[in-house]
Amino acid sequence: MRTTYHVVVIGGGSTGAALVHDLVLRGFKVTLVERGELTSGTAGRHHGLLHSGGRYAVNDQESAIECIEENIILRKIAPGSFEENDGLFVAITDEDVAYLDKFLAGCETCHIPTRVLTAAQVKRLEPHINPQVKLAVQVPDATMDCWRLPMRFFATAKHNGADIRPYNEVIGMLITAGTVTGVRVRSHVTGQEYDLKADIVVNATGAWAEKVSEMAHARVPVKPTPGVMVAVRGRWCNMVINRLNKPSDGDIIVPQRGLSVIGTTSWTVEDPDRLGLPEDHVRRMFEKGGELIPAVKHAPMRAAWAAARPLIAEGGAQEGRELPRTFKCFDHKVRDGIEGLVTISGGKGTTMRAMAEATANVVCDKLGLDIPCRTKEVVLLPYWAYYQ
Amino acid sequence: MRTASIEEKRRSGVWVWQAITGVLLVILLSLHMIVHHFVVEGGLRTYQQVLDYVGNPLVVAVEILFLVTVTYHAMLGVRAILFDLNLSESQKALVTRVLTVLGVVVVAWGVFLALALFRAANA
Amino acid sequence: MNQHGRFGPTRPITLKILRYKPGFIDPPRYDTFQVQADPLMTVLDALEEIKATADSTLLYRHSCHHASCGTCGMKVNGREQLACVARLVDEGTDEVVVEPLGSAPLVADLVVDMTPFALHMAPSGMALVRDSEFMPEAERPAGVERYTRYEDCIECNICLSACPVANTNPGFIGPAGLAAAYRALVTGERPAAEVFAYVDHDDGVWRCHSAMECSAVCPSDVQPGHKIMALRRELVAYKVKRFFKRG
Amino acid sequence: MAVPIQQKSTGARALQAWFNPLKRSAGFLAFVLMRVTGIGLVIYLLLHMVVIGNLLRGPEGWDALVATMKSPAVLVLDVILIAGILIHMLNGIRVTIIGLGFGTSSHKGIFWTLMAVAALLLAYSGWLVFTK
C-alpha cells in the first residue's frame, strides 16, 4: 500500500538510515537530507560494538533488553555484516568477581544468554588477556562496521524509492500557524537554497537534535556526551573484551579488522561540532585498556577520536553514565504545541532499527494510519547497492 | 561511464605475447646490436660489409625473425598505451586494425629490403 | 588553549584546500585556512575545525575517524592518504595542500563520486568478512565455529587515484576490484571460472602495467598491486592447464 | 531532486600523471621510464626502417650516410638510444617476472638492481661508442 504523505527526515546517521528504510517500506514518500556525508556524525564514529546488552544488564535494563533483541534482529536482516566472535566480560580483580552474581542475574532478567568461563578457559580463548584474569562471562557481542551497516539500510531504502540527499543542510523550518510544513535546505554541492514541503518532518540528528529543533522553537533535552576512543594497530583479541563491572572508562576493547579499539570516556559538551580530544582521556584509554589486555599499552596508535552520544536528560540532574542509554521519540505537538515535527534521539547504533520503528509508529499515529512495521523481516541489500 | 558488459569484452591474453616477444628481443636485439655495431670497426657497417653479412640465408632468416618480433612487440606496446585511454570498444577495434596494418607494412618493407640485399649479395 | 588537547607544542599550518561547487565555485579554486596543529592533529581534525569555525559549506567525506570506513581518502600534498590518520605535522611543510582524489568524478570540494568505484568493486565477489588469521593458537568458545574479521580493503578509492591507468581509463576495473577478485578466488567464495571471467579482458587484469603505486599508497595493507600480479599468475596457470586438458 | 553530480574532466591532468614520477615510489618511476622509452623506441624503429632503406641506393648513398653518422652529435644520440634500449629491456625483465606473480614483494629491489646493471652496460657502451 502507498500513502501520498511526504516525510522529510533530517540527519543521515544510523537512525535516519533505518528510518527511511522503515518509512518507504510502509509506503511513505521519503526524502532524507544530511548536511555532510552519510554517517559523518556520531553513527560512523561509534565504537563498532554490536551490544549483547550485557553492559546495561544491571543498571539500565530497558536498554539491555533493546540491545539483545536488536542484536538478534540485525544479524538476521544484515547477514555477513558482522564479525561474529561473541564477547567476554572479564573479571580481573576480586571486586570484579563480586559483580558476577548481579551481572548474571541482570542478564537473566533481560534474556541475554551467558556462559561462565574459568580463568584457564579464558586464557586459552584470548592469549593476550591480562594473566590476572579470575573468570569471564561469554555473551553474544559482535563487531559492526559503523559505515557499512547503516549503508545497507540506505541502499535498501534507495532501491525502494527513498530520496537520499547527503551534502544538503537544513538551514530553517517552514512554519505556518504553529505547524511545521517543511524545511529550507542549502545544497553544499551547488550552493543553492530550496524549500522542501513535508507532511511530517522528523528530526533524527542525534546529538544535534537540540540545534535542529530550535529552528522550530521546539526544545529537546539532548546532551551531547562525547567519549574518546583509541584504535591501536594489531588485533589483540578476537572477541569483544568488556570489564565485568559497572560501566566505566576504557572498559571495552573491540577488535576490528587488524585493529583493536579501546573505549571509552564520557563528558558533556555544549556544541557537538566542537568536541576536542582531551589528552588525559587518550592516555586513560591506554592505561585502562592495558588492565584488560596489557599489550595494548605499547601497541602503536592508529587513531584517537571522539564521538558525541546523544543522551536524553529528561528531568535534569543526571549526567553522563547515569543517564539511560535508551531512546525517546518526541512528538512536538504534545511537548511544545508544534504540529508536524517529530524528534528521535538517544539510543545507540545497536538499536537503530528499533528507534526507527518507534519513530515511524509515531508518524503513522499522527497521520491516523495503521501500517505495520516490516523491518524485522526484510533482509537488507549489500551496502554497495547504494551506488547502483 | 562507459558500460561495456564483460560478455562484450574480449578475453585477452596478449600481455603474455608481449612478455614472450620481450624475452625473445632481449636475445635478438642484443645480437643485433653486437653484430651490427659493437663488433664492427667504427660502429656501422659499410655497404660492402652489410652485403657480406646478409649474403648468408641464416642471417636473413634471423633478421626477419627479429623484424617480426620487434614490430609485433612495438605495435602491442602502442596498443597497450592507447588502451589505457578511455576508448570505446569500437575505438579499440580501430586501434587494433590500424596498428595491424602499420605492423604489416613495416614487416613487408623490411622483408623486401632484406631480400633485395640478399639478392644483391649473391648476384 | 588548544582546542584539540595538549599533545605537545602547536604550530601554525596553512591548509590550501581545493574548492569546487558546480555552477557556483566554478572553475575550481584554492582557499587557504590556518590552524594551530598539535602533533596529533590530523588533516580531518583540521577540516572539522575549519568547517565548525570558518566555513560551514566546506564539503569532505568522513565517517569512522580511524581508517576503517574508507570515506576520507584525499590527496594531501599530492599523495593519497586517509585524512583521519594523516597527521599535519608529519607532512613537514608549513602549507599543506588538500585536494580530492583523482580517477573519480568530482562532486564538490573534496567529495568524489564513489559510484564508478562501487560498480567495479561489487562484482568481484569478495565478502566483507573473512576468517581471522590472528592468534591461530587461540581456542574458540562454544557457539563460535570460526573467528572472523573484516577484510583489509576499506574501499577508499585511494589505489585508483594513485594508479596511472585508472586515472585515464575509467573502464579499468582497477587495483581494488582486482585485489578483491583475487581474495574471492583464494577464499573460494567464487568459482575460479567466474573470477577469471570477471578479470580476463583488456580492462581487467591485463590493463595493469605494474607501477605498483597502489601497493605503495594503500592505507590498509591490502597491497593490491601484489595481488594483481598473483591473480595473473593464477590466471596464466589456469589457462595453461586448460590448454593441455583440451589438447 | 537528486543530488546533482557533475563530472569534471580531468583528462589532461590524468595524462600528465603518466610522465610524472614526483611524490611517487620506485614502481611508478619504472612505469614512467617504460612508457617514455617505449614510445621513443617505437619512433626510432620507424625512423630506422626508413634510414636503412638507403641501402637500396647502393654503396655511394649508404657509405656517405654512414660517414655523417659519425659526427659527435649523432654519437650522443646513439648513447641516448642505447640508454633507452637498456632501460626498456631490463625494466621489461622486471615487468615480466613480477607480472607473472614472482618476486613481487621485492619489486623495488629488482628495479634498482636492474637499473644498476643498465647503468654499467650504458657506461661500457658509451665507452665503445666514443672510442671505436
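Per-chain numbering from 1; labels A, B, C and D assigned in written order.
Following the convention adopted for this analysis, contacts are C-beta pairs under 8 Å (C-beta built on N, C-alpha and C of every residue); 3 or more make two chains touch, one makes a residue touch a chain.
As the structure is a computational prediction, the values presented were derived from the model and not from experiment.
Central chain (C-alpha centroid nearest the global protein C-alpha centroid): C.
Looking at B-C and A-C, the interface holding more C-beta pairs in contact is that of A-C. Centroid analysis (C-alpha atoms only) places A farthest from chain D. Remark: chain B and chain C have CA centroids separated by 39 Å (rounded to whole angstrom). Chain A and chain B, compared by their mean Cα positions, are separated by 64 Å. Chain A and chain C have CA centres that are 25 Å apart.
Separation between the centroids of chain C and chain D, computed from CA atoms only, is 31 Å. Among the residues of chain D, those in touch with two or more other chains are 3-4, 18, 35, 95, 99-100. In chain C, 22, 107, 115, 119, 164, 168, 209, 232, 236 are the positions where the chain touches two or more neighbouring chains simultaneously. Multi-chain contact residues of chain B (touching two or more other chains) are listed as 15, 84. Against chain C, the residues of chain B that register as touching in their complex are 1-2, 4, 6, 9-16, 80, 83-87, 92. The touching residues of chain A, when paired with chain C in their complex, are 36-40, 43-45, 48, 80-86, 115, 117, 121, 124-128, 138, 140, 143, 145-148, 167, 169, 186, 188-192, 229, 231, 235, 238-239, 255-259, 261, 271, 273-274, 276-279, 282, 302-305, 307, 382, 384-388. Residue ranges on chain C touching chain A, taken from their complex, read 3-7, 21-25, 40, 42, 45, 48, 51-53, 56-57, 59-71, 84-85, 107-109, 111, 114-115, 117-119, 121-122, 127-129, 132, 134-135, 137-144, 147-152, 154-155, 220-221.
Every residue of chain C that touches chain D in the complex is listed here, in rising order: 20, 22, 28, 77-79, 102-103, 105-107, 113, 115, 162, 164, 167-168, 209-213, 215-216, 225-226, 229-234, 236. Touching chain C in their complex are the following residues of chain D: 3-8, 10-11, 13-15, 17-18, 22-28, 30-31, 34-35, 94-95, 98-102, 104-105, 107.
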